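Each remark here refers to the structure printed beneath this line.
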Amino acid sequence: MSAILEPPVRSEYERPPEPLRDVALERPLKGWERVWQHGWLRKGLLLAALALLWEAAARWQNNDLLLPTFLQTMRALWEGVASGELPGNVATSMGVLLQGYAAGVALAFVLTSLAISTRIGRDLLETLTSMFNPLPAIALLPLALLWFGLGRFSLIFVIVHSVLWPLALNTYAGFRGVPETLRMAGRNYGLGGLRLVLQILVPAALPAIVSGLKIGWAFAWRTLIAAELVFGATSGKGGLGWYIFQNRNELYTDKVFAGLALVILIGLLVENAVFRTIERVTVQRWGMQR
Amino acid sequence: MNTRKPQSLQVVGSHAGLPEPLLQVQDVSLEYRSAARTVRATHRVSFDVHRGDRFVLLGPSGCGKSSLLKAAAGFIAPVEGRIALNGETVSGPGPDRVVVFQEFDQLPPWKTVRENVMFPLLASRRLGRRDAEARALHWLEKVGLAPFADAYPHTLSGGMKQRVAIARALAMQPEVLLMDEPFAALDALTRRKMQEELQLLWEELRFTLLFVTHSIEEALVVGNRILLLSPHPGQVRAELNSHQFNLHSAGSDAFQRATQRIHGMLFDEAAAAPAVQALHRSAAS
Amino acid sequence: EGKIRVAEQFGVVYLLLNVAQEQKLVEKQGRKDGLDIQVEWTKLSGGAAVNDALLSGAIDIAGAGVGPLLTIWDRTRGRQNVKGVASLGNYPYYLVSNNPNVKTIADFSEKDRIALPAVTVSVQARILQMAAARQFGEKAFNRFDKLTQAVPHPDAAAAVIAGGTEINAHFGNPPYQDQELAQNKQAHIVLNSYEVQGGPSSATVLYATEKFRNDNPKTYRAFTAALAEAAQFIKANPEAAADIYLKINKSNLDRALLLSIIKSPQVEFKVAPQNTLGLAQFLHRVGAIRNKPESWKDYFFDDPVTAGGS
Amino acid sequence: MSAILEPPVRSEYERPPEPLRDVALERPLKGWERVWQHGWLRKGLLLAALALLWEAAARWQNNDLLLPTFLQTMRALWEGVASGELPGNVATSMGVLLQGYAAGVALAFVLTSLAISTRIGRDLLETLTSMFNPLPAIALLPLALLWFGLGRFSLIFVIVHSVLWPLALNTYAGFRGVPETLRMAGRNYGLGGLRLVLQILVPAALPAIVSGLKIGWAFAWRTLIAAELVFGATSGKGGLGWYIFQNRNELYTDKVFAGLALVILIGLLVENAVFRTIERVTVQRWGMQR
Amino acid sequence: MNTRKPQSLQVVGSHAGLPEPLLQVQDVSLEYRSAARTVRATHRVSFDVHRGDRFVLLGPSGCGKSSLLKAAAGFIAPVEGRIALNGETVSGPGPDRVVVFQEFDQLPPWKTVRENVMFPLLASRRLGRRDAEARALHWLEKVGLAPFADAYPHTLSGGMKQRVAIARALAMQPEVLLMDEPFAALDALTRRKMQEELQLLWEELRFTLLFVTHSIEEALVVGNRILLLSPHPGQVRAELNSHQFNLHSAGSDAFQRATQRIHGMLFDEAAAAPAVQALHRSAAS
C-alpha cells in the first residue's frame, strides 16, 4: 500500500466535559425574522406591483367600458362600500356561501368516510365524482328549481355541487396516502370507524384536505356569482353576483370590477387569515409540509 | 446468576403437562398480495407463547419477523393456519396487544411527544386525561425525553423517535406487548437502559412479551425463549430456552456458547465460517 | 371596408338576420356597389356578452333588445357613440300566467312569481314597471319587482308549461310565450307589451359604433339594404322564411308554431324602428339612463332605410 | 414470585432446514380475483342502480320538460349519436378542451416549479391563486374578448383559468409535502432545479397531482360548457355546450339531458380509462396509495 | 492482527506535519429553527477528516451525529464555524459526497430496487444505462438482494430497504462516503457481511468514509479514528485512534479495553457504573 493512500496517524485527545455558558440552547427568533417569515411585506409589494400593472394596462387599452383602470375601480369600490350597497350584497352572498360551503364540506366528509371504510362506498364515491364533477351548475338548475324551488336552497344546492366533488376527491386521495404504519398504530389502540377517521386519517391527510378546502372555497365563489346571476335574485335582493350582473348589464364596468375586486379581496383575506393560519398551526408546525 | 446449561435438544417440542398457551401460532403462512403477484413471507410457522413469556423472534433480515408480529397483532390475516389468543382466533388489532413498530413513522406527527405517549391511553379509554399525562411524563422521564415533552416528532432524532414509541407502549402496561426491533436505533447505553426498564416492568407486571430482534445477544438477554427462523421465506429453525441468561450474563461462558450455537443454527455453517470463527476467538480470549 | 361581423342572439326575433344570411343578401347588395363583402355571423347569448364583443371590436354589428341599445348608447355617448342601425321588427311580449286567478296585473299576489330574463333591468322588467307606473302611479313603478325572479327563458317556459314549481308567470318573448299558450290550457295572457307601449313597437334592434359606420360606408349601406330586402322577403314568403329559420339554426322547433308566429297579425317585419321613444324616456325618468333622449334619432343613426321611424 | 406468574420451562427443539416443495413462493393471482379487483362489475351494477333511481324519480315527478326519464334520455342520446350531430359537437368541444387543459397543466407546472425553487415564486403563486381562483369565468370574458377576440382562443383562455389554479394549488401542496429525506437524497445525487422537480418532486407528489388533474379536468368541462353557451357558435359550428344550450332554448329537455349524459359518460370513461390507469400503474403500484 | 496499545492521550490534537485534511469542520454549531424557537444540535464541534480516513462519529442518541453528517453533506448550513471540503467551504450537496441516511424512506418508492441503485449513477451522469444496470446488479448481489431487483421498496422489510440504500451508495464508488447508522437494522451476520464489503471496497478504492454509529464495537471495527460526542447538544468529548482494530479484533483484550474506555468517556462514569461493570465482567471472563 502506498503511503499517500494511508491516512495519517494522529495523536489522540480528550476534552473534559464542560457546561455551556455563553449560548442559550434554545432562543426565540428575532423580531424582524418573524415579520419577514410572515411575509406580509413581500405579498404587499407583490400586490402593489400587480395593481400598477393593471393601471398601466388599462390606461394603455383606454377602453374603460371593458377594462376600467385600477383607480377607477377603487373609487367605485369605495363608493359602493360607503353607500352600504356592497357590504349588504356581500353579507347576503356570504350567508348563502357559508351555508353551502359547510353543507358541502359535511357531505364530502360523510362520503369519504364511507369510501374509506367500505368497498361499495369507495366505488360509489369514485363513480359519483367522475359522473357529477364535470357537470356545470346550469345543468342542475332545472332540477334545483323542481326540488328546492326558488331562492337560497337552490343556490346552496349548486354551491354544494361545486364544493363537494373536488373536496371529496382530494380528501379521499389524502386518506389513501396515509402511511400504513400510522394507520396500524391507530387501529392498534382500538380506534376504528369514525374515530380512526377523525383521530388518524383526517390529521394525517390534512395537507390534501386543506388544499381541497381552498379549491372548494374558490369554486363556491365562482358558482355563487354565476348562479346568483342566473336565478339567485328576487326583486333586487341579490348578493354580490347579482350586483356584478346588474352593473354589467347596465355597462357600469367600474362597478363590475369593484365587485370582482371585492371577491379578490375576500379571497386574499380568507387565504391569509384562515387557510394560512390553519396551515401554520397544523401541517407546518407538525413538519408535514415545508 | 442463572447459568445452568441448556437442556439437551429434542426434535419436536412436547406440550405434555403445559398450561394452555396465551398465544398460539399454528402452521401459519403469511403472504403479501399485490395486483400482479403474491409473495410468501413465512411458511407454516408454529409456536406457542405462554403467559409471562418473553418470547423472542430471531432471524435474518427479511425472514418474516415483522410479518409474524403484525399477524399476531391482528393486522395481517394468515393464508394458512391459525393464530389464537386465549384460545380465540385473532381477528383484528386491539389495545390488548400494544405494538412498537419497526418504522420511524409510527408517531402521529401532529401530536407532541407528550401527547403521543398519552394518545393510546386516551384512545383506548384506559385513563383519564390527568392520569394519562402523569403516566406519560413518568415514562418520558424513564426514556430520557422529559425535556422534549412538548417537541413535535419531526424535531427528534431517529433514536429519540424510537424511544417515544417505547415509552408509549410501556405506558400502556399492556397484557401482551409486541415489539419490533425497538432498540435498533439506540446507542449501547440507552439500549441497555431500555432493556433494564423493560425487565423491571416485566418483573412488576408479568406481561407477555413478543420481541423481534436481529441481535443474538439481545435475544438471549431479553427473552426466556427464542424462536429461530430460517431465511426468506421464514420457517421455524429451532426453539430454544434463554431464561438462564439475564442482563448481567453477557460475558459468561455459557452465554458465549449459546451465542455461537444460535449463530451456527441460523446461518448455514459453511458460509458463516469466518464470522463464527471470529466469535469463537472472541469467546475464547 | 368589405368585411362585416354580425352577432345575433338566440330566437325567432332574429329571423331577419337569418334570411339575410341564408339568401346572402349582404353580399348581393355589396356587389351592386362593386364591393365583395365578407360576412361573418356569430351567435352569442346575453346582452352583456354582445356588448362586450362590440366594445372590444370582436364584432361590428350587434343584435339585442331595445333596452341594451339605450344603455350602451347612454354609456358610450361622447366616446364610441354606439347607435342603432335598424330594427328587426315589431313583436309583442306577453306576460303569461298559468294561475287562473290572475286576470290582470292587479291580481298578482305575494304567492305568485313572475319569471323574467333579468330582474329590474331587462326590457320585460321595464315594461312591467311602465305598466305598474301607469296603473298605480309613477311612484309605484317598482310595485311588482319583488315578485319577479331572474330565470332563463327556456327554464321559465318549462316551468309555466309543466306547472308544479313556484313560477307561475313568465314575461317572455317569442316563441316561448306562444309555446306556453299552446301547450298549457291554463296559460293565458295577462299583459301585452303593445298595450303598455301604446301600439306595436320594435322589440329587437341592431347597433354599431359610429367609427364602423364612418369607416365602412359602403358595407354599412349594403348591410342595411340587405335587411330591408330580407323584411320584404319574409312578408312575401312566410313559409320559406320559416324553413330558412329552421335550417340556419339547425332548429327542431315545431314548424306550425313558428309559422303561426311569423304570420301573426301582431308581428310586423320592418327595418325602421317604431314606438321606442316611450320606453327610452321612461328609462330616463327612472334613472336607468342619464342622457335624456328627445327623439328616436338621438339613439339611431340617420339612414334612408330607417326613415320614418319613431 | 408466585408459580403462576412464571412462564413454564419447555424443552428445546431444532428442525433441520428443509426446502419448500409444495408451494410456489410467488404465484399469480387467480383470474376472478383480478376481475373483481378491477371492479368493472361492481361499478356497472352501481351505474345500473343509479339509472333505475333516475327512471323512478322521473316517472314519479312526471314532468318531462324539467326532468325526462332515463329511457327518454337514452333514446335522445342514441338518436343524436346516430345522426352524427352529437359526435360532431363532442369533437369540436374536445379539441378546445384538450388544448385548454394542456395549456393549463403546462402553466401550472411552470408556476409551481417556480414556487418551489424561489421565495418570490412562492409568494406569487399563493397570491395569484387566492386572487384569481375565486373569480368566475364570466369576469374574464371582457378581457378575453379584448385580448383574443371571439373564438377558440377566448375559450381556451377561460379553460386555462379553471384548470390552472386548482391544479397549481394541489401540485404545490404535494411538492411541499414531499418527505425531507427523499428531497435530500435527490439533491445528494446532484439533482437540482428542473431535474429535481421532474425526478423527485413530481413522482413523490403524484397522488396530489393526480387529484389536481382530475379536478382540473372536471372544471374544464364545466367551464367549457358554460362558456360555449355564452360564446355560442360562429358560422354554425358549436360544441356540446352549444348543443345543450340550443336544445334547452327549444325546450327539448330530453336532448339537453342527452348532452349532459354524454358529459357524464365521457367523465366516466376518462376517469376509468385514463386516471384510474395512471393511478394503477403509478401510485398504487408504488405503494404510495392504497 | 493489529493489537498495539493505544497511544497516550493528549488534551488537544496537534496538526504539526500533517497533510491538508480533506474535510475540515471548524467550531461548527448547528441549529434547527422553527417558527417559534431554535434548537441547538451541536455546539462548536471541530474535527479534521483526512483523505482515506474511516472517520466515525460516535455518541448517544440525540447528540447531533446525524446533524453533523447532514452538515458535511451540505444539507444544513452551520450557524457558527465553517465546514470545508478540499479547502473550499461546503455550500450545498453534491454527488461527490454520497449519503446513506438513517431513515427508511430514503428510497424513492416509484423506482424498483434495481432502479433505485441505478438512480444516482444516472442522475449524476456517471455511467450510461447499461453500465449502471450491471453495476447495480453487482451490488445487489453483494447485499443479498439480487432476487428482489424488480421489487418496489414498499414490499421490502426494514433491513432490506436499508441494504438497498447501502448498495446504492457503494455502487457510486464515491470519493467521500457519508453513512448514518447504515447497519442498525441488520442482523448480526448481514451486518458483518456489510462491514466486510465496506472494508473490501475501501481497500480497493481508498475513499474517505464518515460513519455514524451508536455502537462502540462497530466504531472500533469500522473506523480508523473516532470522534466522541457528548450528549445533547453535541460537543467534542475526545478523538481516538482505532486503526489498530479490524473486523477480526472483536474479542481481543485491547479491543475490550478500548470499548470500556470509550464507554467511560461517553457516559458519565457514575451513572453508567452497572453497565460498565457488566462490560468489565464480560471482558474478564
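A, B, C, D and E are the chain letters, set down in written order, and residue numbers restart from 1 in every chain.
The rule we apply is simple: a contact is a pair of C-beta atoms (placed from the backbone, for glycine too) under 8 Å apart; a residue touches a chain by one contact, two chains touch by 3 or more.
Note that this is a predicted model, so its numbers are computed, not measured.
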item	value
Shared interface partners, meaning chains that touch chain B and chain D	A, E
Chain pair with the greatest number of C-beta contact pairs	A-D
Centre distance in Å when chain D and chain E are each reduced to the mean of their C-alpha atoms	45
Rounded Å distance, chain A centre to chain D centre (Cα mean)	19
Between chain B and chain C, centroid-to-centroid distance (C-alpha), Å	84
Contacts with 2+ other chains: residues of chain D	61, 63, 66, 142, 145-146, 229, 253, 285, 288
For chain B, residues contacting two or more additional chains	34, 39, 103, 105, 155
Two or more partner chains touched - positions in chain C	52, 55-56, 152, 155, 158-159, 164-165
Touching pairs - complete list by chain label	A-B, A-C, A-D, A-E, B-D, B-E, C-D, D-E
List of chain A residues in touch with chain D within their complex	39, 42-43, 46-47, 50, 61, 63, 66-67, 119-120, 123-124, 126-127, 129-139, 142-143, 145-146, 165-166, 169-170, 172-173, 176-177, 207-208, 210-211, 214-215, 217-219, 221-223, 225-226, 229, 241, 244, 253, 256, 260, 263-264, 266-268, 270-272, 275, 283, 288-290
Interface residues, chain B side, partner chain D - complex	6-14, 18-19, 29, 33-40, 43, 50-54, 206, 224-225, 230, 233, 235-241, 243, 265
Partner chain E, residues of chain B touching it in the complex	32, 34, 39, 59-62, 65-66, 102-105, 155-160, 163, 181, 184-193, 214-216, 247-248, 250-253, 256, 263, 266-267, 272, 275, 278-279, 281-285
Complex contacts: residues of chain C adjacent to chain D	9-11, 40-46, 49, 52-53, 55-59, 152-155, 157-159, 161-162, 164-165, 176, 179, 248-253
Chain A-facing residues of chain C, complex	47-48, 51-52, 55-56, 68, 71-72, 75-76, 79-80, 113, 118-122, 145-152, 155, 158-159, 164-167, 288
